[in-house]
């Protein structure tokens, strides 16, 4: 069966009615999932859901860079920070959310260009180190420019008020992040069907083939890097609106490593994987709250992360795909639809 | 898609939007409840969330895991011990006090999530104390939005203790006051010409520097500020800077580990100025570990010194040991007094609504805890205390030079 | 609008080892040329030099009358010099169709922005590009496989996908490195016919490195023989295979090379 | 009093640089034979040092025995990680090793906090007290111990790799496991052996760092990051280059902090890293086999 990135992107293709029908179920599942919070959740879980969406957007960005283009970055958390603090500084100067968003996109992109340019020749591991260094620098900057950033004490962020939504209310925050999540997910899925997307995949799988057909690798690497940074920036900006408070630890090395963990655990090859991974990372601690052991997370969280990674080497998506695969065969044996 | 599906999805959408609007409405009114602005309107008949006929739920977040865990756990135990004692005596307003402390991992965003959980899931009535500055600050904007009073958290910060955050009632001084007060003492005793400050980079350091500067004023004293980043692996350069500068007094506002590490590094090259540390280092947990390199170090006293001489603390120590079977540490004491202040506020509240608690907090006047200096809050005052004591480390003991009261 | 590529005194060294020694040759316009020679004759190195995957130590390479000696590989590809690899290089986790579409790179594409945002230009382009790809797949008998992930394909089909990627942009100059290796007799025949048909349609210039004489004789009207890094001769298949030098150097060794 | 601040700085920088290098050494040999990035490596050392402290302070074991105990634990933990990584992680799963070891990293932190506590503790200063003044530079037994020990260990490992048959086998299995296997080398056992040696190194470094700073459940992370970074710059497939870089970072850091101020240390180091990697000659960065192979 074809990788879900394609299946879903083909689901939104104009051509290919056949494909489109085959993947309607996936779309319905997505819609249903998005509705769950609205129908069943109270303020707290709505807040968690909104946070998950913001986090997932950043994870999707990293999936493009790491999963599709095969470039490892340890700075996605920092790019969330770039977005969050850009928004914060602007909003404290009374700039409207709309303009904030534009600035977030622009600045995240420009920063990515600056960080990305010198790293073009580097092997994935070395790229990881440069991004790590950037992350450390960024965190240092946050702490040492407290007059703009609030420094180590962090900064309270004015809630976004747009179209009658006010992100200081979890429901509104959820609806807003959901809107972004939907649009950006469609864009990420669309990437698989574009030449840009194929160029990235070529960098990941075979640079030789890419060159042989005329791909200019550095440009593609940069686009992947900038794209992931913009996703990260938007994710971070939304995150700041959802929580109403940002501080350097939210965007430090560990934040970045956890985003990478999300992408790998979810299944780095697909956009869906990024979402599954984000859900895993965000909901794991909440799971411990549900079983009434909120303070157990610190101990068991790490172990669970390692075990899950070991058991599902293809990531959550791989497992899911296998399950649905089985389901399909079972159904078709029963001679039902398909 | 098929007409049937179209209809269905349209119906769902419509439903969602209506639901959405409804919920938004609730959210608005929900956050409205609990009293208007901070100058709270107290309706004695109102009953706040978390209050039943038999219990009052209070809670807070503290670092129970991660680098801040030691102090967090100790503070929690201190609070629990006090509430156990109160509950044994029949509780407050005929209700048992139920304490819930969640782990915030010393991380601001985690702290906020847990605080939301406490307020929205557990439905606590008020926030009882707390431990750690950056993590607690993570919850502050949310608490203010929800108008939940937070009582005597240990979170030294110049952002708290004023009317910009009217729901946070501070009984711990910020670093500006702390070091102004300590420097005042030093300058009474001695007239150094060069003092240095090694402090965690960022607000903590900046505040400490400001406090020292305030006290130095126009006196002819040079001040060298060296910001440090936690996790320093080599203190030699800092020590070299200090020796070159020739500081007679070196203020240390660092973690236990880094304070110890820096003093060790000084010791390695045999440099021995008078060290001056923030309140955290008056904890036995520090002295028992680093006493040998900390002899003669001055420390700020944020809470009364735990010594048999002082009757008040002697009584407290006895009581605590009787309750828990263990001698209290500074942070047990910290938690104990947080619970004491919270209890006092609940006891004096005309009614068990948040508004009334705020009113009762604002009526605190020279409240004696025997641990903190007398606490006074008012309709437009949120910094309950304005001074600290000073002690010196001698052997494994603290000798009080200037008492907290 | 077909081009011909010309190499003059091209020498390629890897450290001490000289892979191409003073090679001068040209691929006549619109002609299918077979490049033969025993293993280590420098056939692949020649392709690499022409396509820009190896830097030449000395000598020049002209495309038409343009000097492309120092042009990086991707620029040459954009000028229409497209090569295939001896060891198949594919996007392992992508579908056959996407692998072929990768080959459309040198055709005028909609801008990256309109691709990423899926603007109308992108939809239109997508439609047409998929048509192109489908035709090529048709031609190579891969239509049924177009949605499959390539790492699940048998080796023969993977080879064909590689060829399809090369052909999809209808390049004026194609360099193939043992495209028939690993195909069975029927596969080779089909591939030869397919290439011949494409040649009829577009009249492109094609150079094929190949061991299999039947394949060469069936497909090529011109043959270049090489041995140990040197150009030996060029001519019609008959001439070349008849030539004693080729007889000894090529058949002499390649037999026990095949054994 | 260090009347020669520069010399004092260089000494301090050198010693901490050597500590980075030593830790990197353990990281390096593991990477070279099993191509694994062990995020938890610093914490393996922490486990050793922290339990050594416990054995010494709480169980009142004599220091050498306590340390030996810690080293043993570190070896066990690192071998366990090794076995998991070698047997459970399939090849062609880039990043998976990082995530698994991240999980282990978090687990080790929490576990040690649970078993011992979350406080910072003073570790015996291992000769930090006894000092002599040479040319205005205050040198103490601790510094000398570190310098000598690290040079000995590094030299020893180098000899092991370059001169002995074991070393040959190691290099072979690093180049191509398959060929090594066919040549009758038990690659798995060899790899496990390397993981054990790495465990020893980690514990030793952790103990030395603890003797200079203090010990708790977290203190090794910054050391690991610097060692790791040095490895990346120097090249994980080399031997002396990365170690030299590690020492360089130590000294450079000390100088930067002294001349630019403590808060300038971080940016100075990481800016250097970015610049270094950006301008490194191609042959250096053409290290794709770093991740493959």
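When the chains are written out, they are named A, B, C and D in that same order, and each has its own residue count from 1.
Note that in this section a residue touches a chain if its C-beta (ideal position, glycine included) is under 8 Å from a C-beta of that chain, and two chains touch if they have at least 3 such contacts.
Computed from a predicted model, the values in this text were never measured in an experiment.
The minimum number of touch steps separating subunit A from subunit B is 1. With steps allowed only between chains in touch, the distance from subunit B over to subunit C comes to 2. Using mean Cα coordinates as chain centres, the one most removed from subunit D is C. Here the CA centre of subunit A is 33 Å from the CA centre of subunit D. For the pair subunit C and subunit D, the distance between C-alpha centroids works out to 50 Å. In terms of their C-alpha centroids, the spacing between subunit A and subunit C amounts to 40 Å. Mean C-alpha position of subunit B lies 37 Å from that of subunit D.
In subunit D, the residues that reach two or more other chains under the touch definition are 109-110, 113, 263, 266.
Among all residues of subunit A, those that touch two or more other chains are 140, 144, 298-299. Across the whole structure, chains are in contact as follows: A-B, A-C, A-D, B-D.
Those residues of subunit C that touch subunit A in the complex are listed here as 51, 53, 73-75, 77-78, 82-85, 89-95, 98, 101-106, 109, 112, 115-118, 122-123, 126-127, 130, 147-149, 165-166, 169.
Residues 66, 70, 72, 118-119, 121-126, 128-130, 132-134, 136-137, 140, 144, 253, 257, 260-261, 263-265, 268, 298-299, 301-307, 309-310, 313 of subunit A are the ones that touch subunit D when the two sit in their complex. Contact residues on subunit D toward subunit B in their complex (touch as defined above): 1-2, 5, 8-9, 11-13, 15-16, 19, 109-110, 113, 117-122, 125, 128-129, 131, 138, 140, 142-143, 209, 212-214, 216-219, 221-223, 226, 250, 253-255, 257-258, 261-263, 265-266.
Within the complex formed with subunit A, the residues of subunit B that make contact are 1, 9, 12, 16, 19-20, 23-24, 27-28, 30-31, 64-66, 102-103, 105, 107-110, 112-114, 116-117, 120-121, 133-134, 137-142, 145, 157, 159, 200-204, 206, 227, 229.
Across the complex, subunit A is touched by residues 37, 39, 84, 88-90, 93-96, 98-111, 113-114, 225, 228-229, 232-233, 236, 263, 266-267, 270-271, 273-274, 277-278, 282, 285-288, 290-291 of subunit D.
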